[in-house]
Amino acid sequence: MISFDSDYLEGCLPEILEAFQKTNFEQTPGYGKDIYCDEARDIIREACEAPEADVHFLVGGTQTNATVIASLLKPYQGVICADTGHINVHETGAVEHTGHKVLAIPNTDGKISAAQIREVLDAHYSDPCAEHTVQPAMVYISFPTELGTIYSKEEMRAISKVCRVAGIPLFVDGARLGYGLASPGCDLTLPDIASLADVFYIGGTKQGALFGECIVFRNSLLSKDFRYSIKQNGGMLAKGRLLGIQFAELFRDGLYFRAAKHAVELAQLLKSSLKEKGYSFLVDCPSNQQFPILKNDDVARLHELFGFEDWTKIDGEHTAVRFCTSWATTREAVDALLSEL
Amino acid sequence: MISFDSDYLEGCLPEILEAFQKTNFEQTPGYGKDIYCDEARDIIREACEAPEADVHFLVGGTQTNATVIASLLKPYQGVICADTGHINVHETGAVEHTGHKVLAIPNTDGKISAAQIREVLDAHYSDPCAEHTVQPAMVYISFPTELGTIYSKEEMRAISKVCRVAGIPLFVDGARLGYGLASPGCDLTLPDIASLADVFYIGGTKQGALFGECIVFRNSLLSKDFRYSIKQNGGMLAKGRLLGIQFAELFRDGLYFRAAKHAVELAQLLKSSLKEKGYSFLVDCPSNQQFPILKNDDVARLHELFGFEDWTKIDGEHTAVRFCTSWATTREAVDALLSEL
Amino acid sequence: MISFDSDYLEGCLPEILEAFQKTNFEQTPGYGKDIYCDEARDIIREACEAPEADVHFLVGGTQTNATVIASLLKPYQGVICADTGHINVHETGAVEHTGHKVLAIPNTDGKISAAQIREVLDAHYSDPCAEHTVQPAMVYISFPTELGTIYSKEEMRAISKVCRVAGIPLFVDGARLGYGLASPGCDLTLPDIASLADVFYIGGTKQGALFGECIVFRNSLLSKDFRYSIKQNGGMLAKGRLLGIQFAELFRDGLYFRAAKHAVELAQLLKSSLKEKGYSFLVDCPSNQQFPILKNDDVARLHELFGFEDWTKIDGEHTAVRFCTSWATTREAVDALLSEL
Amino acid sequence: MISFDSDYLEGCLPEILEAFQKTNFEQTPGYGKDIYCDEARDIIREACEAPEADVHFLVGGTQTNATVIASLLKPYQGVICADTGHINVHETGAVEHTGHKVLAIPNTDGKISAAQIREVLDAHYSDPCAEHTVQPAMVYISFPTELGTIYSKEEMRAISKVCRVAGIPLFVDGARLGYGLASPGCDLTLPDIASLADVFYIGGTKQGALFGECIVFRNSLLSKDFRYSIKQNGGMLAKGRLLGIQFAELFRDGLYFRAAKHAVELAQLLKSSLKEKGYSFLVDCPSNQQFPILKNDDVARLHELFGFEDWTKIDGEHTAVRFCTSWATTREAVDALLSEL
């Protein structure tokens, strides 16, 4: 059975296993102090056009989110995010586990706006009893969002500006960063993200790595002693080179972007074909996730043939479902799905 | 340059990369709910002769220690361990980060005794102001210890008994479990460990896996909702099958034990050869780590030829160093080292 | 200038200072192990008609909320509460600081319903990926609510039932409990609260004590080792007898209820008089807080004469304000306020 | 029965209850924003000769220690203290509860030295794997210590210097500060403490207040947003004026120092008389605690007549006990005790 359930169903891009094979018996120091991590850090800095960036590698997304957020907040501070944000709903309270409140605000198609953020800040700092409430001290957005939508350059510039005026860091969760950058209509580049965010990560797990997320801090002022935080949060991989090898492989000559483009093109093919067939969508999504609205009967029938996620009930008779494509999805799989819809 | 710096310098046993290759394009559900994890769980339960055991897979040791300990303690409880214990000295306070005090007691060659544990418990429960102190509610020991020594069956039975009488769990850190079990003179088996501990883990990272630690709870009473804890602590690997595939490979037909035996034999060869040459040792170590005492001049000279760790100063002229062997160490490497000593 | 800003503007009921005076040079053991605390515990148990209740005394409300909640939840669990709940908005994230997410749901006049709670529980337990989300494991309600409204016996029974069916504790924040019980139309008694809640507290600070909150656990199964939690959370008063003396004084012969009744009668006088004058209210409030809607000009003028809080903007020209009465408010003060409205 | 069990057995200095009485019906804002707190802050700053100091009031010692320490450390940092330090042994792990390791080092008569501290810092910063260990980032000492001893000006200057060179704060727990300053042979003054420490507190609870500890930060750089921390840690007293009134009363005209002197003089009388009678002591203590060594038979007999604490076993036949004097101890009580020894 073909599955469109998520973008982490397969192993990894073959180039990565080859690189593992080739380096397997080399001896290197642990914990990210090896030559492969150094190489990958250089390549990433270059790809970001950010020579001052401080680059770190972690294993997974929840770990990355909690570690970065906890490293930047004081105990009484919280992080503003969309109510649909991954840290607010799908990480078993990992951020709260580090002692910090997630300050959730209403999303629009998965996104929040500069105006909303400014409003939260203004409300806090105009409250005579501000110290009785959590201090908003960071902004978390996902690019693309949990609903597959993307911020425009104008939107992200506005958010970045609000944050810099307020002196609080902007953190971009890029678990699917490549799929966002490969979206038709996306006017942001990796260097744009690197200059507008104060810290962001380039997701590997969902984009063809076996595992791994690459954190990029704008500069090392923000990341002082970050390695202590990684270790304390259980994110320091003993054989750290596995992360360096993967990200070097992904970014040395654009493999990351090619793999992302492949996935997004198939998702857009799926979207346009379904639109032609008259389907409507929960949200208009330019990246690798599609949320068409199906009749419940069709959903049931389709589940016998394909893997996918029931996302949300629309009404008594309709459900929005999620189809994910990935670096590993084939044209044949998409055609097979389309032939059943 | 050949390195004896640690047992996680290379990649992994070739069988593991082969298994990754073979399964690379299969689609499986994420987060440890795949058939490979299920298979590995069955194999591990069988190897432990513990049909009721509840088996989970995590990525690394610090993560495993903090997640297990925090899942079993109430906020005001602490964990008894040797002052040399890994959680006390080399995890950047990961246990304290979860809110719990590490109750360190003096070690003897890396070990603690049942009598010491009973003393801590007695002192606590006879204190009329016990509630002003941290409640000792768990015991953590490492097998082998951080100094490469091992507990005898009698010693571990005694510790297990004290814990069961007191109604507190015994947690065995088995980051190098296989090396301990392969030690000459070891009278404990994997099923012994599984029946004497309440929870322990079988280390993969230092024993030939790319990464991964396999947690075994004696039964599921102790591990209720443990998957929430894994997720919250950032330890739930998206492509969880990578852990299942590795542990199935390691335990399906004894690869884990063969690889450990290889490492320990080379370490014992090193030990006996050095003894013959008249070297003395910091501690008499039956497993894969050796701590000979060298003259400082020799240490300096040797560092130009081999990688290894300076462990502790003995006096103004001598230093105890650490040589680690592993599944990947060759007889040639050991001979080369011996020829320089 | 007379202030209606809150119900903790003055010192305390004179009987309390007298009792402090009378006992000042007695020597008693510390930390709540004295005869006055024992006496108060007996009196409270009797007042609650709950001979099995386990009674503890803490200093303040935020401390009490965080300590109780953290003592009853496992790390991955959260507490359901109204979005207006004190723990969600006015405690600087004290609950999150202990590692737990506050699961806020929409309020209706400050209240939440049994149906809403059941919905949260159902949604969680029907989610195949439940372990990726915080487990709802406790319900927090305030009686009266932060908007001065009260639950009916039927409403609270329904909430209690949902909690008991689900096996999760119901925690009632009674910072203003007496004012709620003294409200006209209240069909709940202190024994009702004690039997419907699993743990609740009787607020002293806002009801005529110098300070102090009295926590009542339904039985000691829920409060095992609670004194460790109090100490760890910094809530164990060295001269604990100060709390015992106060609560004994408040409950020995009904002083607590008389003082509450006085405050509520003045608040209801204020309400009915303002209604007669044609004012409308943010919410119909039977207890000691009133939220009339005033013209902004009147608000400004009134601030020169009285202390009170601007609660929320209604529209460009109107603001809902809050007037609090207390055990210390005089009829003259209320008349003075009314003469200006 | 007369008790020498601790210095918090009675209520408070009568002047304090009088001040409560006199101000009881005044209305003041809550949370420490009242005129009495402002007055007390001014008086304390003057007494400390520290016009830039930032002064805060909390209720109790454990709360104060945990709040101050957590407000100054980053998550991966720990606090150096004597193994006998109150935070290490008698606060139920309150510091660890905030996520920080207590880095305990061996005490000499309750004290630690500048050299020991430098050694910890040197060891950490010379470790190539420093990030695998907790970063020592604060020093906690008690004045007087938990054994009643005091640091000399020279000792404290040396400690202060090590801290300033390393750029880490020195925190002095002054739960019994006045008793220390009143000790014969003490060459430190309150302004000395205020200039050598970066943050310290003046204990009220054990020195004649009903409750309350006054925190003094050297300047407001260290205490930015400290009120958020107080609130989040449950230490913000609603009727904050109770703390201001007490400290104003204690420091307005030297009451604090007079009361401390009284207690210390009686303790020294006890010491010299017992020395004359031939008793030896656990430690030579210049402040209000005395630890004579008694025969076990005498201990048992004495317990029928007086309250006091058995401190530690000396050998099979002797026990060191603790007698505390306080502001409330009478000459008659000491004479009665002496007549039985």
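By letter and in written order, the chains are A, B, C and D; residue numbering begins at 1 in each of them.
Everything below uses one rule, namely that contacts are C-beta pairs under 8 Å (C-beta built on N, C-alpha and C of every residue); 3 or more make two chains touch, one makes a residue touch a chain.
Everything numeric here is computed off the predicted structure, so don't read it as measured data.
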Farthest-lying chain, centroid of Cα atoms versus that of subunit D: A
Gap in Å, rounded to a whole number, between the CA centres of subunit C and subunit B: 49
Distance from the mean Cα position of subunit D to that of subunit B, given in whole angstrom: 42
Of all residues in subunit D, the ones touching two or more other chains: 75-76, 91-93, 97-99, 129, 131-132, 228, 231-232
Topology of the chain contact graph, where touching chains are joined (line, ring, star, complete, other): complete
Of all residues in subunit B, those that touch subunit C in their complex: 31, 70-71, 74-76, 98-99, 129, 131-132, 135, 225, 227-232
Interfacial residue positions of subunit A with respect to subunit B in the complex: 2-3, 5-6, 8-12, 14, 17, 20-21, 23-30, 59-64, 66-67, 91-94, 97, 205-206, 210-211, 228, 231-239, 242, 307, 328
Residue ranges of subunit C in contact with subunit A within the complex: 75-76, 78, 89-93, 96-102, 129, 131-134
